[in-house]
Amino acid sequence: MKTKHLKLSNSRISRRSVLQGATALGGAAALSTFGAGTLRAAPKKGGTLRLAMGHGNTSDSYDPATWDNAYVQVFATARHGYLTEITAEGSLVGEVATSWEASPDAKIWTLQLRDGLTFHSGKTVTADDVIASLNYHRGDDSKSAAKPIVEPIQDMRADGPSTVVVTLANGNSDFPFILSDYHLAIMPSADGKIDPASSDGCGGYVVQSYEPGVQATLARNPNYWKSDRAHFDNVQILAILDAAARLNALVTGEVDVIDRVDVNTAHLLQRSPGVKLMTTTGTQHYTFAMDTRVEPFNDNNVRQALKYAIDRQELVDKVLNGFGEIGNDHPIGRSNRFFAADLEQHAYDPDKAKHYLKQAGLSSLDVSLSAADAAFTGAVDAGVLYSERAKAAGININVVQEPNDGYWSNVWMKKPWSAVYWGGRPTEDWMFSTAYASGAPWNDSFWENERFNKLLLEARSELDEEKRREMYYDMQSLVSNEGGVVIPMFASYVMAHSDAIATPDKVGANWTLDGFRAVERWWFA
Amino acid sequence: MASSTPVWMILIYCTIAFGCAAACAFAFRTAVIASMPGQVSKLARSMPLSASFGALIILIYVFVALFAPWIAPFGEREVVGAQYLPWGGDYLLGTDDLGRDMFTRLIYGARNTVGIAFATTLLAFLGGAILGLLAAVVGGWIDELLSRIVDILMAIPALIFALLLLTIFGTSIVNMILVIALIDSTRVFRLARSVAMNIVVMDYIEAARLRGEGLGYLVVREILPNAAAPLIAEFGLRFCFVFLSISALSFLGLGIQPPTADWGSMVRNNATLITFGDVTPLLPAGAIALLTVAVNFVVDWMLHRASGLKE
Amino acid sequence: MPFWDGQSRGDVLQSIWIMIARRLGLGLVTLFVVSLLIFAAVEMLPGDIAEEILGQSATPETVAAFRRELGLDLPSYQRYLAWLGGILQGDFGTSLANGRPISDLIAGRLSNTLFLALYAAAISVPLAISLGILVSLYRNSLFDRAVNLITLSSISFPEFFVAYILIVLLSQSGYFPSLATLSPGATFAETLYRTFLPALTLTLVVTAHMMRMTRAAIINLLASPYIEMARLKGLSPGRIIVKHALPNAFAPIINVIALNLAYLITGVVVVEVVFVYPGLGQLMVDSVAKRDIPVVQAAALIFACAYVLLNLTADVLSTLSNPRLIHTR
């Protein structure tokens, strides 16, 4: 394979390590724990972690097809193993898979599974379990939210008990990343099918009790294969949906860690004794997606005018309370491998917006923006601020507050302009093909750009790193200047924990709570 | 935080506030007695201090609500500065989470909140009380039908019912008024009917019936005066419950649409701050509480008059 | 009003039994209509469980597969009839969202809800009635004003706000826990301690209403001729109120108590959320949000039952307390 050798840097991913999976057992994890030159004490075992989350619903379940909120995602990651894992640094390491190798066209992937790995029930993890676990999300009868993710898989077969060969419809050199998706938990199978109602997995913790929407209790898996993970003896994950109640629980010492800290009061929380605020900024971003098929959004001048009529810094300051970074109307975050740092930053400029309006043959513009806090916290406020600033450019934005309930089915991709939340994806290709490629089910601006689509396909199977970088730069520029999505900000995950909790130096930013893995990565100091 | 202020200081503050309130109320009553024509003046003379205080507060609220755009230093939804600016200076009560003037929002809140609450309560009482009295007096199948409908509506928890209806029909202010009025009117109906039921069996009603008095006469002249007291008391409380319903709905994410200022939602949006001893959410909550107390002080007085007690 | 024509106490009691039987029958009709209404309302909500659960990740194919699996592709009347058939055999069915039997799902939460309601009622009802009597005895005094001021202020604060204030005052200083999450095997005293703050919040929320209604109902009677008579006989004001006014003021008081008890059972979702107390309200709101119709239906039926029974009790009690009835010999 003629891959260029790249240095492994923090937050950038070595191409080589993706195409040929790292075989070192939890190598990257060790790196994150004993970071170079830091004087951090070695993780201690023991204690009961009480984690309070701002999600969780009485209708949650063990079924991987339906995991839709951070509570079930953290809970799933605590009890399940995945084929691959994204480390805190953003690189990819094997978990259930020890290594992987692609055919030269990146179409056929051969995964080696870890030897002697067992489920909580004692059953050995085999190639059949892996195939059944992935198959659960595929096929006509799949109701899984992950179906579009595994759609490219054409065929899977077991080559012996610990080798799986996956054939893709088209070459994709980022395929192993996809296998780290939180839906794709490896579960025990019988007759080629997994039992979606089972809690059995091969992760670091064994479920003791679970009451959906209330709490789950777990105990350390005594046979866990990772020796430097899963430090807590027991874990209790509570669903505390009310932001104030969650804060109080942490301040009064009833829980050790909370997520989704209310950004309005984060500065006050910081002053509370015995409590530490933690923020990570990764790929999570908030957008305003326009339907580029309809008037007036079908005119790129109008789209550009709207992009220059928003004060991004004000949104970061007021809606995120500073817990985030400004966006540049494309979905690639600063921590991504091919982030285009030198792309011209769109800034608030009413005159430029007016200029673009004039280009569109308009002197003023009246548009409605649909928003609800279901889209993202503060979406309505963001719309109000946007509308206040856009007035100076002769743009009248009518912010319509939609009901939270049913937002994703009735407003998003139905109304011509709506606020949207994206957790983001670890790779450029994954992000672009999810929400910007022609015909993608979640292309929420219905954007069709020939050049972009061509570049996307080429970049996916391009093996030259530099060429690929150029292509992704071009794509970011295209999305930024011609796309139908205003992306004002990248939001941080804001969490807090008591002083008793210790974390690795580098905490994952790909998802909340250390990439959903705080339960096995953190410990009591 | 509250704990940092000694208890005796709080007591002194309370006493001063109480004294000021009493003085204002007294001055207000004196002014009304002196300046108003005979009838009103006579009424004011019979007002206890608490009621005149209530009346004064209600008048102030109404004034603020009517003339909000002239009183408020800024526009209702205008972003005037940085967020969470402290009290004083250009911004009397500081700014809120988006940098809007808090004082302005409170003033516009009076207009929106009081208007909505008043409209809702009035609707609920018009519907509920009239039907309730009618059901009690007419009886028979009308009573049966109305009671069953109300029973069914009341058997569905109010918040869930509001949640369902507002999700189906959308959360506009008009819908919110209609939905809360519908839910409240069932409660009013029940009360009106049960009070009137007790009156209907009284001798004087039977006497009136025997005299051949019409339905209208019975309801307006015989039953309403005797049922007025509990209904008035209920009005005072229902009026306040509307605020609570709105803020409970905003807790579930169905409140009044921003950027419209309303006290219930303002409490909700700033509520977390109280955890850290920040008193900001107490402002809109206090505004609601003050109005509640004022309305009920006046209601108490009317109750007292309606009961015919002399002392 | 046929039972008011009865001449003897036995007749009255018999009439009451007939009324109870009749009202229970009507209650069943109410339950049926409620289930129909709720079913129709949830059907009318935009979106269904497949779209709600898949949320932002939904695609037309996965939504269709989801519906097929849950039988949501059947017409709604068929699904309602299937559900009704199950209920008539005592089978609540299973949750659409996670396949758990609804009877399991609800049992624990129902007892939690009832426990909290009783706890709050045990504090608030005696408190409200005695305060109501006291303030009508000392009406228009400073005491009356002060009690009114405090109770009115407490109800004019939204529930969650009252809860936050109580947490700041009583929980941050370490007196009571801010989370009411119950661990299995907790002793009764421990449970009372852990759920004290939610019970106190609810007490503050409901007391004022009942207290004021008691006061209003008593004062309303104080000008009646028979009270005047008692006064002329030289009875003490306290005695007049307790012995003569209160019994006749029972009807509205009982009604308002029943309403508030029903509220304590059915309307406490906000308090449940703030104190993380697993009750029925949160379950129902979650299930409405996810369009989990069978769970919504089951919870709605339980709430409706509670309401019908409380209502019936209130009516029986107020019928018994009506002087016309008691004194008809």
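Each chain carries a letter (A, B and C) given by its place in the written order, and its residues are counted from 1.
Throughout what follows, a residue touches a chain if its C-beta (ideal position, glycine included) is under 8 Å from a C-beta of that chain, and two chains touch if they have at least 3 such contacts.
Everything numeric here is computed off the predicted structure, so don't read it as measured data.
In terms of inter-chain touching, the protein chains here all touch one another pairwise. Chain pair with the larger contact count among B-C and A-C is B-C, by C-beta pairs in contact.
Centroids built from CA atoms put chain B at 47 Å from chain A.
The centroid of the Cα atoms in chain B and the matching centroid in chain C are 22 Å apart.
Note on chain placement: the centre of chain A and the centre of chain C lie 42 Å apart, centres being C-alpha means.
Contact of a single residue of chain A with at least two other chains is seen at positions 244, 248, 251, 405-406. Counting only residues that touch two or more partner chains, chain B has 167, 271-272, 274-275.
Counting only residues that touch two or more partner chains, chain C has 45-46, 160, 164, 167, 172, 273, 288.
If you check the complex, the residues on chain B that touch chain C are 1-3, 48, 50, 139, 148, 151-152, 154-160, 163-165, 167-168, 187, 190-191, 194-195, 197-198, 201, 229-230, 232-234, 236-237, 240-241, 243-244, 247-248, 251-252, 264, 267-268, 271-272, 274-275, 277, 281, 285, 288-289, 291-293, 296-297, 300, 303-304, 306-309.
Contacts from chain C toward chain A in the complex involve residues 45-47, 50-63, 65-66, 68-69, 95, 97-100, 105, 108, 160, 164, 167, 171-172, 174, 177-179, 181, 273-276, 278, 282-283, 286-290, 292, 295.
Across the complex, chain B is touched by residues 243-244, 247-248, 251, 262, 264-265, 268-269, 271-272, 317-318, 321, 372-374, 380-381, 384-385, 388, 399, 401, 403-406 of chain A. Note for the complex: chain A touches chain C at residues 57-63, 66, 68, 140-148, 197, 211-215, 238-242, 244-245, 248-249, 251-252, 254-255, 405-406, 408-410, 412, 420-421, 441-442.
Against chain B, in their complex, chain C makes its touches with residues 1, 4, 26, 29-31, 33-34, 37-38, 41-42, 44-46, 139-140, 145, 148-149, 152-153, 155-161, 164-165, 167-169, 172-173, 208-209, 212-213, 215-217, 219-220, 222-223, 251-252, 255-256, 259, 262-263, 266-267, 269-270, 273, 281, 284-285, 288, 300, 303-304, 307-308, 311, 318, 322, 324.
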